[in-house]
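Across the two complexes that follow, chain A remains constant while its partner is chain B and subsequently chain C.
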Partner chain A sequence: MSFDQNAFLIIFTASLISISCGLLGVFMMLRKMSMTGDAISHAVLPGIVIGFFVSGSQRGLEVVIGAGILGILATLLIDWLKNKAKVQLDASIGITFTLLFAIGIILINMLAYKVDLDQECVLYGEIAYLPIDLWITDAGFSMGPRITYLAVLNLVLVSAFIFLLYKELKLTSFDENFGLVIGLPAGAINLALMSMVSYTTVSSFEAVGAILVVALLVVPPATAFLWTKKLTSLIKLTCGLGIFIALAGYYAAYLVDSSIAGMMVAVGGIIFLGSAAIKGIRPNWAFGTSTPGKPLEI
Partner chain B sequence: MIINVDSPILEIHDLTVSYDQSPVLWNVDLSLPSGKLIGILGPNGAGKSTLIKAIMGLIPTSGGYVKLFDRELNDVRSRISYVPQRESVDWNFPASVLDVVMMGTYGKLGLFKRPGKKEKKIAMDCLEKVGMQSFVDRQISELSGGQQQRVFIARALAQEADLYLMDEPFAGVDMATETAIFQLLKEMTAAGKTVIVVHHDIHSAMNYFDWIIMLNLHLVASGPKKDVVTEELLRKTYGGKLNLLTKVTDIIRQKDFNPLKN
Partner chain C sequence: MSDFVYFFTFQDASIAFVVIGITLLGIGSAYVGTYSFLDKKALLGDAISHAVLPGICLGFMLAGEKNPLYIVTGAFLSGALATFLTSWLKSKTQLSDDAIIASILSIFFGFGVVLLTVIQKSGNPEMAGLNQFIFGNAIAILEEDLYIYGGLAVLIIITLTVFRKEFSMLVFNADFGKSIGYPMGTIRLIFNVLMILAVVIGIQAIGVVLMAALLITPGAAARFWTDRLGKLLLIAGAFSAVSGVIGTYISFVIPQMPTGPWVVVCLSMFALISFLFAPKKGVLARYIARRHYLKKTHQDHLLKLIYHGIESGKQNFPIEEIYQSFPYRKRETKHTIDELIKTDLLTINQGFIDFTSKGKSEAKRIVRLHRLWELYLNEYMNIAPDHVHDSAEKLEHILTPELEALLENRLNYPKLDPHQETIPRDNDEL
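== the complex of A and B ==
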């Protein structure tokens, strides 16, 4: 098979996006906040629409800022409902993101004649158009696919964020109260993580859509966690899975001529189910009917 | 009976804490000496953990203030260490024993800086103190309850603080571990540290602590063990529950009652 530049670009970009999502997803999972990631990915819609309306294009910085603000707003609203109004976490997530998403849909319809944006685009995205969506400089020189640049920038920022705040993220994910006691700004770290998730969602929605971003946030970390109990290997395995999902998803989609993003997530889901089955079955034949014991109490 | 001290390490004035409008701690007013092993006693729901959390600023208070080392909490965080209840975290977290103990050094490190050789050495020393040095690379999900508790204590030691607040460090721990931990706490107070422990077993508390705080929503007593351990104060703290306990002991003593014989 000859080198297909378009295929390479799509797989490369999809890998970047799934690594960014996976890196953040690991910490979301460890904080038991995976569904907050889901909420954020939907709640950013009004921010995207307003940013789009203000800047007049979906390339504007305003879109990212708008989405970031809405992401933080969603996080704060969820926390407020949970802590102050005493609504259960799952219910407060359900209330928050559907409300904000609905506002987004209303805004899209109200502004439909002014902005080139629809729910389909935000929800599903289409990575197959990536090679023809080029970044063209003012001088008319083509620099290559725009979304690839966005994905590279996103990955650089996400990696830097996690590299710099690795120990803080680790501690506050494990034991937030202890973090507060030793004087870490646990609330600020949490909000920073949520902002990164919002930004990553916005940066990726054109390629994979707001719904499938959730899968990339949740599935690779959850799969990796079935195989390892070490944080560094968990992160590495998540990245590896992200790349594999992009690669296998592209060729599976190519084979049956279907949606690439959809196929990526389907591949991820199959790997997860397979891992869960292997991990779930093994103790049965390896240990008989008894559950594997804990080391003796000393 | 509430005995106050001069130049206290911890001073609580008129502290009131409430959850959802209903107060769980009323007007707690006490001061504690330094270099002592201090026990907080009281029945379930007496507000023992709440008091510790309020001291550490983990829950909002509705009145009063707390002063540590005669300063505000934020000025002296590096001198205070905290051992939360073992059940307060998910032990399935992907971390090794060493990772968790190193977390104790993060407060002094500050933002963005990574733990290095010095921090690792501190963590190893602290693991040795609690007798867990052979578990350094063990994942925390593979530890028993008593081992988890010792890891938490090692993490607190790694903070190298002067005041330690421990929430039920003896809960779900076997006798050998309890004795070992208590021995360690005694060594710490001998070295001038102050240790405050939430404890629920009255009998062992009588042996362990120098200073005892008795709590049942209100502060019942605070003072040296010999002064505050009286039947009247214990009865006030535990109410009917202690009554039942003493009755049973009395019956056993009087009638030489042995349920196994009958």
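== the complex of A and C ==
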């Protein structure tokens, strides 16, 4: 296969998105908040629609702000249901995201004639159109695909966030109470992480869709977790997997002519289930008198 | 308004069918969902409802049209595979529950999207019907669909009713069931089958993404109204059926509206109302009860303070001295004193506070309960006298007259508490 610039751009952007998601996903998984990530990615929908309606385009800053607000609102609503109304955690998550998602779908249908936004675009996204969606300056000069810029910006912000708050994130993920005792604002760090997740969801939804963002948040870290027990190698492995998923997903989608984002998730799923099978199915004699599994090292 | 009358008088047979269908389906999924909510596995329903998408697509591809039988079978099989994988991953890996559920959910949905786009590109004209499975359209339920979906819903309701004892055991104490010889593995298997069936029958009316709400929300909302399983199931079923009918009505009046989101919004409104206003467990009721209790304890502490003063030989109580005993709580203390004067427990005379006779016996009662409890802990629990005060400080507010009589009887009407202080009786002189 000769070098194809469009293919390169799509794979490059998809890798950027899956690395950003994976980096955040590692911490979400360690905090046992993977389902909160799922909830946020569903819950930003009304924010996207309202932002879209206010600004009249997908490119508006309003979309990012609207989705960010909704993401934080969802986190707060889950916390409120759990702590104040004493609903058990799984039910609070389930109620919050279904309600917000339902409101989003209703808004899309009500505003269907006023905004150019259909539910399939939000839900599944389409990265294949990336090379034709160009960022054109006022002078009429084409700067290249717009979504790639968004993905670069997102990755820079996520990396900066994790690099700057690495110590704090690590500590509060493993032992929140200790973090509180030595004076870390664990609640604020948590909210900051959730805001980053909402922002990442918004900036990626055009490319991979709101629901498949969840897969990129959860599956690579979960796969990496099966292979390693060290945080630094967990992060490296997650990034590597992200790139591989983008690459393999693109060519698999090319072969059967289907959604690239869906195929990326499918490839990720196969790797995940394969890893689980290799790690999970061990003959009984392998357990024997071997040393018991060590707890997660930092 | 004419729409309203037309819809609810069921002149149109197809509307009657749809309403029957959505009611049965709502009750069925609410029943299953309530059990899984009590089992603290609510999110498994979410995973299953996303995971049926590839099955629906495969069923569609095999049948080449929207055949309910193929679609239900396909959806059931892929839901079953997802459930199996979830429990397999849980037993074989160290991943946490939420990571497993989120992974399975998104992987299956991803596969579903791949198949959906493949179908889209194949240009099958029946494709348009498939989108209804994502967001649901109850109005599109046909009579022959209804026999399958309605029949399955009835099957779920009957199974859950007949084997209520077994399923309650599974949810509340599976180990106990195992130890008295019930086949808990089989019961769990049947329960999972019912749960997948509940999701499968809902996809046409509610859609795969939002089906989770029909499983989770009714049970969670009904839990705020009762502690009895029978009532819980009835209330959950009612919430869900009413929301289903309202959702159907809205998508009947506004044709391009999908049904699912409106059903979910209605259900969530029921849930939020329950969380806020339910008697006893609602946020508001608990707030009021807490305020009431805090007021009561402060009153008790105030009466006790004056009693202790008189006991140690003090003659008069300037109000300022009482304020100083409760630092930083002057306003609250003033309010409490006003209240006590109003209920005729205290009198105030030129800034000096004194008991009325009613107030004196109330103060005696609190001190008596405090000291009786201290003595009880000391004698029966063998707790050292210097460790009993804190517990008594809490229990003095909540011991009932019956418990008081029991304590008196058990301790044989004692005179002194472990700190050698008199236990005051009603006719004792202070």
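Heads up, the rule we're going with is that the second predicted complex is superposed on the first by the 285 of 298 C-alpha atoms of A that agree within 3 Å, B and C clash if a C-alpha of one lies under 4 Å from a C-alpha of the other, contacts with A are read in each partner's own complex, and residues count from 1 in each chain.
In this text, a residue touches a chain if its C-beta (ideal position, glycine included) is under 8 Å from a C-beta of that chain, and two chains touch if they have at least 3 such contacts.
These figures come from a predicted structure and were not determined experimentally.
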Inset, instruction - With everything superposed onto chain A, say whether chain B and chain C fit together or clash. - result: clash
Inset, instruction - Please determine whether it is chain B or chain C that touches the greater number of chain A residues. - result: C
Inset, instruction - Please work out whether A:Phe225 is in contact with chain B alone, chain C alone, both, or neither, and reply first, second, both or neither. - result: both
Inset, instruction - Could you look at A:Val256 and tell me whether it touches chain B, chain C, both or neither (first, second, both, neither)? - result: second
Legend entry - Against chain B, colliding segment of chain C, chosen among 43-51, 133-141, 349-357 or 385-393: 385-393
Legend entry - Overlap of the chain B and chain C footprints on chain A, listed as residue numbers: 32, 86, 225
Legend entry - chain C contact footprint on chain A (complex, rising order): 29, 32-35, 37-38, 42, 81, 84-88, 90-91, 93-95, 98-99, 101-103, 105-106, 109, 112, 119-120, 123-124, 209, 211-212, 214-215, 217-219, 221-222, 225-226, 253, 256-259, 261-266, 268-269, 272-273, 276, 279-281, 293
Legend entry - Of all residues in chain B, those that touch chain A in their complex: 20, 56-58, 74, 77-78, 80-82, 84, 88-90, 92-96, 99-100, 103-104, 106-107, 109, 111-112, 114-115, 139, 141-147, 155, 159, 174, 176-177
Legend entry - Contact footprint of chain B on chain A as seen in their complex: 30, 32, 86, 164-168, 170-171, 173-175, 177-184, 225, 228-231, 234, 294-298
Inset, instruction - Please name which positions on chain C make contact with chain A in the complex. - result: 37, 40-43, 45-46, 50, 85, 88-89, 92-103, 105-118, 121, 131, 134-135, 209-210, 212-213, 215-217, 219-220, 256-258, 260-262, 264-265, 268, 271, 275-276, 281-283
